[in-house]
Amino acid sequence: MPRHAPVNALESPRFSGIRTFSRLPHTQDLDGVDVAVFGIPFDTATTYRTGARFGPGAVREMSAMLRTYNPSLEVNIYDHLSVIDYGDLPTVPGYIEDTYARVVAAMSPVLAAGVVPVGIGGDHSVTLAELRAVAAARGPVGFLQFDSHADTWDEYFGRKYNHGTPFRRAVEEGLIDTRRAIQVGMRGSLYGPEDLAQSRELGFELRTTDDVRRDGLAATLEEIRRRVGGGPVFLTFDVDFIDPSFAPGTGTPEVGGFSSREAQELMRGLVGIDFIGMDLVEVLPAHDPAGITALIGANVIFEFLSVLALGRRDRA
Amino acid sequence: MPRHAPVNALESPRFSGIRTFSRLPHTQDLDGVDVAVFGIPFDTATTYRTGARFGPGAVREMSAMLRTYNPSLEVNIYDHLSVIDYGDLPTVPGYIEDTYARVVAAMSPVLAAGVVPVGIGGDHSVTLAELRAVAAARGPVGFLQFDSHADTWDEYFGRKYNHGTPFRRAVEEGLIDTRRAIQVGMRGSLYGPEDLAQSRELGFELRTTDDVRRDGLAATLEEIRRRVGGGPVFLTFDVDFIDPSFAPGTGTPEVGGFSSREAQELMRGLVGIDFIGMDLVEVLPAHDPAGITALIGANVIFEFLSVLALGRRDRA
Amino acid sequence: MPRHAPVNALESPRFSGIRTFSRLPHTQDLDGVDVAVFGIPFDTATTYRTGARFGPGAVREMSAMLRTYNPSLEVNIYDHLSVIDYGDLPTVPGYIEDTYARVVAAMSPVLAAGVVPVGIGGDHSVTLAELRAVAAARGPVGFLQFDSHADTWDEYFGRKYNHGTPFRRAVEEGLIDTRRAIQVGMRGSLYGPEDLAQSRELGFELRTTDDVRRDGLAATLEEIRRRVGGGPVFLTFDVDFIDPSFAPGTGTPEVGGFSSREAQELMRGLVGIDFIGMDLVEVLPAHDPAGITALIGANVIFEFLSVLALGRRDRA
Amino acid sequence: MPRHAPVNALESPRFSGIRTFSRLPHTQDLDGVDVAVFGIPFDTATTYRTGARFGPGAVREMSAMLRTYNPSLEVNIYDHLSVIDYGDLPTVPGYIEDTYARVVAAMSPVLAAGVVPVGIGGDHSVTLAELRAVAAARGPVGFLQFDSHADTWDEYFGRKYNHGTPFRRAVEEGLIDTRRAIQVGMRGSLYGPEDLAQSRELGFELRTTDDVRRDGLAATLEEIRRRVGGGPVFLTFDVDFIDPSFAPGTGTPEVGGFSSREAQELMRGLVGIDFIGMDLVEVLPAHDPAGITALIGANVIFEFLSVLALGRRDRA
Amino acid sequence: MPRHAPVNALESPRFSGIRTFSRLPHTQDLDGVDVAVFGIPFDTATTYRTGARFGPGAVREMSAMLRTYNPSLEVNIYDHLSVIDYGDLPTVPGYIEDTYARVVAAMSPVLAAGVVPVGIGGDHSVTLAELRAVAAARGPVGFLQFDSHADTWDEYFGRKYNHGTPFRRAVEEGLIDTRRAIQVGMRGSLYGPEDLAQSRELGFELRTTDDVRRDGLAATLEEIRRRVGGGPVFLTFDVDFIDPSFAPGTGTPEVGGFSSREAQELMRGLVGIDFIGMDLVEVLPAHDPAGITALIGANVIFEFLSVLALGRRDRA
Amino acid sequence: MPRHAPVNALESPRFSGIRTFSRLPHTQDLDGVDVAVFGIPFDTATTYRTGARFGPGAVREMSAMLRTYNPSLEVNIYDHLSVIDYGDLPTVPGYIEDTYARVVAAMSPVLAAGVVPVGIGGDHSVTLAELRAVAAARGPVGFLQFDSHADTWDEYFGRKYNHGTPFRRAVEEGLIDTRRAIQVGMRGSLYGPEDLAQSRELGFELRTTDDVRRDGLAATLEEIRRRVGGGPVFLTFDVDFIDPSFAPGTGTPEVGGFSSREAQELMRGLVGIDFIGMDLVEVLPAHDPAGITALIGANVIFEFLSVLALGRRDRA
C-alpha cells in the first residue's frame, strides 16, 4: 500500500502549508516510493526570456489545486502509486555543463532505487542531463517530445549547449533510441527548411502542428504509440507546445498552438506506454500573471501520473 | 414602454460616468422594472483564492463595453425590458450565514415586485441565498448550472457552508426541483469518483465537460431544454465554466474548459426557457490583469438579458 | 538580390540591439527596397481604452521572435523581398486631422518609390490616412478588413473622425473600390441592426463572425478572393479580430473571436492576392502583460510578408 | 445641517455599492450642497502615456478607503460640508477644444449654485476648462499649483492646446490673477533654462523641488500663503508632484519627487486659504498595479475637503 | 550549539528548494529549538481587500533573500538561535472563531516547549488567537504594536470578530497587560475622534504617526522601552505600518507612512526587550507585483530574530 | 560643435520612433563623438532573479522622457557633448567568459577613439569586462561604486565569475587602482562580518548605507572626492543602491535603501571628477510594472552626462 499521498484539501485548505508538488510529502527517503517529483531550477541556457529557474516553485504553488482522482481516466493516482516531492536538484546558475554534472549525479540514487523521475524545469536544456542519467541507468530510451520547437539546432552563438540544442546532443551521445523517438507539435517561423529536416536526419520522427491539425489527435496518438512501441520511453513536455493564450508564461512562446484541452487529450491518450521518466519544462512565472501556465503545467504532470497509475493497476 | 435603458455610447463615452451595469440607471425604485441587476460582493466562503468581493465592481466596469443590440439573436434588449442596476446587496464579510440572511431579506422586495433578479457574485456560496429567496417567493425551481465544479460536496473543514457545498444544501432545503435540475460542464481532478455520483444521488442530471465535448453543444442544449421543461428556472453561471485562458480571473480555475464563443452559443441556445432569475459568480479581478474575465462575465449577462427580452417579445 | 534582411538570431541573441521590426535595418533609404514597415503611434481617435500609441514599440519588441522562414507556406521571406524598418511616421497627439495630413505626406515618398507600406498602429483611425495616401498614388483600391467591428459608424459625440468611423469616410472620399471590398469578422453587441446594414449600404460585402463560423474558413477565403479579385488590394487587420484570450491588449476587446491559429490560416490563405499595402492596428501594450498580443500582431505581419514573398517568387 | 455624507463603513463594507467618491451620494441635485466632486475623464491632450481618462474611476474606487474624520486636522468633514459625487462631466474624446466647451458649460450650474467644484482628471489640460468656468463666474482667481512641470510651454507639435500648455493659455486668457499665483514643485530635465523662466515672465511665482528642499515645507507654505493672500484661490494638484515610487500611475513621472507624507503636510498647511475650487489630475490606472496612485489622489482630495471644512467651521 | 540554520546560498542557489522561511528546515520536532516560524494563512476577517491567506507563502518566497548575519546589529542569528519553519497552523477558511480554536490548540505545544513563536499572517485578526495561546501559557503579556490602525474598534457589521477589533477583544479577555502595552504608528482617516480615544480608554499607550514624526524615532524607542518595561512582551507588526510605496501589497493601505529604513531602525532599537513572541501580518501578494512587500515583511522578521539572538548572546 | 543630439520632443512626440537612449542617433560611427551609450544585455551571471538582459531595452524606452537641460546643474548636455546610442555589445547568453571576451573586443574601438563609454546592463558581472577594456586602454583606474552589495565575494557555487564577484576579480587582475577606489551604500543581511571586511582587505574604501546615513550625503561626497582624487575614474551604479520602492525592478533588491532624490544628489555632487566611463546595471523590467526602475536608471545616466558636460564646459 502506498505510503505517500497528498494532504486532503477537504480537511486542510489548499493554500496552507509548505509548497510541495500536489501537497505531497517532501522527503529524500526513496524507500517504497514509485515516483519522485523534483525541480531543476535552471535558466542559464535560455536564448530569449529568462526566469524559468522559478518554474518549479510556480508549478508547485498551482499544483495545490490538483485533487487525487482523474475522472476522465477513472483512476485515483494514489491508490496505485507512492509519490513524493524530492525537492530541487542542485544546479550552478551561469554554468550549463557544471549543472549537467550535478543533475546527473543527483538523479543517480533515484534511478538506482527504481523510482520514476518527474522533473520540473527549468529551461529545456535540463532534459539533456536527465537523459544522460536515465540512459546511464537504462541504456538508450524511447523518446516522446511535445514542443513547438524541435530543439535540434547545432549551435547558438558558437556554443553547443543551450535550450535550442539538447536533442541533437542527446542523439550524438547515444542517449535516445531514435527508432523509437518522435517529436510532436513543431510550429512557428524557422531559420530555414533545414531546421526540421535536421531532426529527421538525426533519426527522429517529427509531426508538426500542421501535421497534427491535418491528421487529428487520434491519428497522432496512434502514430506516437506505433513509433515508441513497447519499450521504455522518456516523455519531455515543453509548455510552449500549448498556445500562449493558455500558457503565456514561457520563454519562447509561439502562436497558433494547442489548447489545454488538447494537451489533456494527448496526455490521456498515452495510457499503456511504458514511461520511465518525464519532465515538464519552460514555465516562466514572471510572465504568467494569473498563474495559468503553471496550472496547466501541473495538470500535465497530473495526467502523466494518472497514466502511470493505470499502468501500475493493470500490471497488478 | 421601458423606462430604463443604458446611456448611449455614441453620445457619452463609455469610460464616462459612475460605473453601473451596462451604464444603466442606478436606482432601487422597482416601479415598472423588469430586471434588477445587483452585486453580491462576498468571498468569505472561498476555499482557495479570495477576492471575488470585487467581482461586481469589475463586471460593472467592463460592462460599459456592452451595446444594446444582440445581432446573433436579433434583439434589442431595451425594446422589451426595463433594466436597472439595483446596487449591491448587503453582506457581512467574514460571516456566511449572516450574509445569507441579509441577502434573502434584500431580495424579498425585488421578488415581490415581480422583477427578475440578476446577481453578480461574489463566490458561489451566494447562490444558496438567492435560491432561498427565490424559492420563498416561487417554491422549488428548475435549475441550470454552468460550472466546472458541481459544488455538491457535503463539508469542507467540518463546516457545511462554503462555495463548494451550496447545491447540496439547496436540495436538502427543498429549494430546487431536482427533477428539473441539470449541472453542465464539470471537469478537473476530483477527490474521488463519488464526487459526481453524489450530485446524481441528490437528483441532479449532470453533464461533464467530457460529455459535452462528446455530444456537442446542440445535443447538450436539447438535453438542457428537455430537463428543465416549461416551468420556471434559475440559472447560475460560474465563470470557471470557461477555460482559464479566457477567464483567468477566478478563484478555482480548471484547465480544459470552454471558450467564450462556446459559452455564448450555449447561452443563446436557451431561448424559450422561462428564467426567473440568474447569477454570474466567481469573477476575481485581482487575477484578471486585462479585464477579460469580467468582460466575458458581462457578456454572459448580456446574453441572458437577450434571451429574456426575446421571451418578452414573443409573449407580447 | 535583396539588400536587407534580419540579424541572424543564431549569432546575435534576439534580445540584443535596438528594437526594429524583426531585427531589420532601420533606414529611410528606399533604394532597392520592396517593403517598408513603419509605426503610426497614435491613439487620439480611441473611444475606450487608450494606449495604442505604444503599439509599434511593443510589436517591434516581440517581433524579435520572428525567424525568416515560414514552414507552413514554405518560403523564406528574405529570399524574395528586401524589407526595412522605416521608423515611425509623424503624428500630432491630440489632433486627428493634423495627424492624417502628416501621415499622408510621410507615406508619399514610400509609395512613389513603389515600396509596399506596412503600417503598425495605433488605433484604427490611422487607416484612413493610409488609404488617402495609397489612393492618391494608385486610385481607389480593393479592400480587405479583418476586424470585430465594421468601423463604419457615422459619428461619435458629434464628430466625424475617430476609430469607429474610418471606413465610412474612406468610401465617402472615394478611396476604396467598394465592389472589391470585404469586411470579415464582425461580432459583439451593437447599437442596432442598422450598424451592419450601413456597411452593406456603403457597398462593402460583410461577413460576420457568425457567418465565418457557419461557412468555415475555407469558404470564407474563397469568398474573399472572389470579392477582391485580381486588382490591387489593401489589407487592414485589427488585432481585436482575434479573441481577447489570445489578444487581451487591445482597446475594444470583443469576446467570442478567432484563435491565433485561425488568424494564421486566414492570412496564409491569401496567397495570390495582389496586396499593395497593409496595416496591423489596435495593439495596446498596457493591457498585454505577457506580450502575447504584440506577438500575434508581429506574426500577422510575418504571414503578410510571406504572402508577398510568394507573390514575388511566383512572378519572378 | 449637511444633507450628504458617506455610507458608514462600519455598517456597510467599503467594497460594496456603486463606486462614488468616498461613497457619497451620486446626484446632480445641488440644493444644499457645498461641494461637488466630479470626474473629467479625458486624456486626449496627453503627450506621453495615455490612459488618464480612467483616472476618475480609479480614484473613486480607492476613495472607498477614506473615512470621515481627519485626525491630523481634527475635523470631521461632514459635520461642516455637504458633499456629493456629481458624476462625470461630458467630454469629447479626441477633441480638446470641444471638450473644453462641454466642461465649461457643465460646470456653469455648479458654480452658479455657489458649490465648490472638485474635479478629478483626466490629463492636466482639463484645468484650463475649469479655470474658464471659474473665471467666468468669479473673475480672475488666485492660483496654487503642485506639479513637477510648470505646464506653461507655448506649443507642442505646432498646437496650442495640450497638457503641457494650459497655464500659459490661462494667463493669456486672463483667467488667473498672476499676482496671486504660485507654482510649486517643478523638477526634472527641461528643454532649456527658458522653460521655467517663461513661467516667471508670465507672472507666476515658481518654487522648484530644489527650492522646496532647500527652504523646507514650512517656509514653502508660508510663501504660498503670502503669495495667494486672502482672495479666492483655485488649487490644481498634479499627482506627478509626488514621487513615482508613491505615484507610479501617471503619464509623465519625474523621479526625485515628494513623498505622500510631504504631500499631506503641504495640503494640511493650507488651512485658512479661501479655496473656490480644486482638481486632482493625471492619475493613470493602467500603470498603477496596486492602486496606490489613486489612493494618494483620493487622500489629496480628502485633505482638501478637510481644509474646506475647517474654513466653514471657523466662519460659522 | 544550534541544530538548525539556513541552507548556505553560496553553495545552493537561493531560488532552489522547497520554500521555507529563510531556507530553514521544515520540521515540527521542537527538540532543541529556540524559535518556530509558522504561517497562519487566513483572511476571512478582512474588511477590505482579501488575499492575505497567501501572505505566508509570499513571505517565505522572498525570505530566500535573507542571509544570516545582521551587519547593523553585528550578530549572526544562527550562532545563538536554532530556528525552524514549523509549517502553517490549521485554519478554517470562512470561520473566524473555529480558526481561533485551531490556532490556539496548535500553538500550545510550541509554547509548552518554551519555543518563541513567530507567526506570519494572515490578516490581523489572527493575533487575537496568538495572544490567547500566549496568555494561556504565560499570563497577560506586555504588548507592542506597529500598525497604521489601532484595531480596537468594537464591531464591524454588528460582529465582534474581524481584523479591526482584535485588541479590544484581547483587553476584554485579559490577554494583555495594558500597563505595559503600546500602539505605534496610527494614521489615516478615522470614523471619529473617539477611534483613538477608545484605545487609550482600554489602557493602551498610543503614539500616532504624527507623534512619531514630531518626536523622532529615538524618542519613540525610548518611550516604547519605558512602557513595556522588563517583562515579557509580544510584538505584532502590521505591514501597513510601512508606507504603501514600500509595502503596496496589503489589505488596507494608508498613505503617509514609514519607510522600510525607518521600520528597520525601529526594529533594531528594540534590543534588550524580552520578547516572547511576534507576528508579521497583512501581507497580500495579489497586490504586490514585485514582491517588495513580502520582502520587507521577511526583513522585519529578520530584525526580530537578530534582536532575539542578541538577547540570547548577552544572557549567555 | 556637437553633431549628435536627441530628437526634439516639442516637435516629435516622445513615444515615436525607434527606441534609442534619450532619442539619440543610433550609429557606430565614432567620428566626433564624445560619449557612446550602449547596452550589454546579459544576465547569465545572476544568482537570484534573472531578466536583466532586457534592461537596456527598458532603460532606452523610459529614457524617452529625458529632456536635454539639467536645471539643478544648469547645463544643457548637448551644448557640450556629442552623444550617440552605439547599440548593444555582443554577448553569449549562457557563457560568462565568452561574453567577457566579446565585450572587451567590442569596447576596444570605442576606447581607442577616446570616446567615454556608458554601459547599460545587464547584471553586475558585465562591469568586469568593461574594466578589462578600460584598463587595457588606460591602465588601472580610480573606481566609484554605488551599490547595496560590495560584489567582492570570492566564489558562488564553486565558480569564480558571477554578479557577486566582479570587483574581487578586478582587483586580482589589477584593473582598479584600489588606493583611489570606494564602494558606497552596502546594506542588507550578509553571510558574515567578513563579507565587508574582505572588500577592505582588497584595498577598497567602503561606506555602508549606515555610514552614509550617519555622516550625511555631503560628507559622503567629500569622502568620495578625496578618495578618487584627480585621476581618471570609472563609475559603476547598481540600481539596487536605490530602495526597492523606487526601484523594484532589480534582481537582488535590498530594503532600507536610498531614494531617487538622494541618488540624484549624490550624482550631482560628482561634478569635477574625471570620469572616463560608467555603467548602470541590474535593471530587470519583468519586475518593474510601471517602468519606474528603468526611469531612475535613465536619470542616473542623465546626471552622469550632465556631470561630464560640465567638465567639458569648464575645460573649454
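Read from first to last, the chains carry the letters A, B, C, D, E and F; within each, the first residue is number 1.
One rule holds in what follows: a residue touches a chain if its C-beta (ideal position, glycine included) is under 8 Å from a C-beta of that chain, and two chains touch if they have at least 3 such contacts.
On a predicted model such as this, the values are computed, not experimentally measured, just so you know.
Colleague: Show which chains lie in contact with chain B and also with chain D.
Modeller: Shared contacts of chain B and chain D: C, E.
Colleague: Across the interfaces C-D and D-E, which one involves more C-beta pairs in contact?
Modeller: Result of the comparison of C-D and D-E: D-E.
Colleague: So how far apart, in whole Å, are chain D and chain F when each is placed at the average of its C-alpha atoms?
Modeller: Each chain reduced to its C-alpha mean, chain D and chain F end up 38 Å apart.
Colleague: Report the inter-chain centroid distance for chain A and chain E in whole angstrom, where each centroid is the mean of the CA atoms.
Modeller: Result: the chain centres lie 40 Å from each other.
Colleague: Spell out, as numbers or ranges, the residues of chain B touching 2 or more other chains.
Modeller: Where chain B meets two or more other chains at a single residue, that happens at 12-13, 15, 47, 49, 53-54, 93, 156-158, 243, 245-246, 287, 289.
Colleague: Could you please write down every pair of chains that are in touch?
Modeller: Touching chain pairs, listed by label, come out as A-B, A-C, A-E, A-F, B-C, B-D, B-E, C-D, C-F, D-E, D-F, E-F.
Colleague: Would you tell me which residues of chain B are touching chain D in their complex?
Modeller: 12-13, 15-20, 26, 39, 41, 53-54, 57, 60-61, 85, 87-88, 90-91, 93
Colleague: Residue numbers of chain C touching chain B in their complex, please.
Modeller: For chain C paired with chain B, touching residues are 47-49, 153, 155-158, 186-193, 195-196, 208, 210, 213, 243-246, 248-249, 252-257, 287-289.
Colleague: Enumerate the contact residues on chain F facing chain D in the complex.
Modeller: 8-15, 64-72, 74, 76, 243, 245-246, 259-261, 264, 289-292, 295-296, 299, 302
Colleague: Which of the residues in chain D come into contact with chain C in the complex?
Modeller: Result: residues 43-47, 49-51, 53-54, 92-96, 98, 156-159, 161-162, 286-287 of chain D touch chain C.
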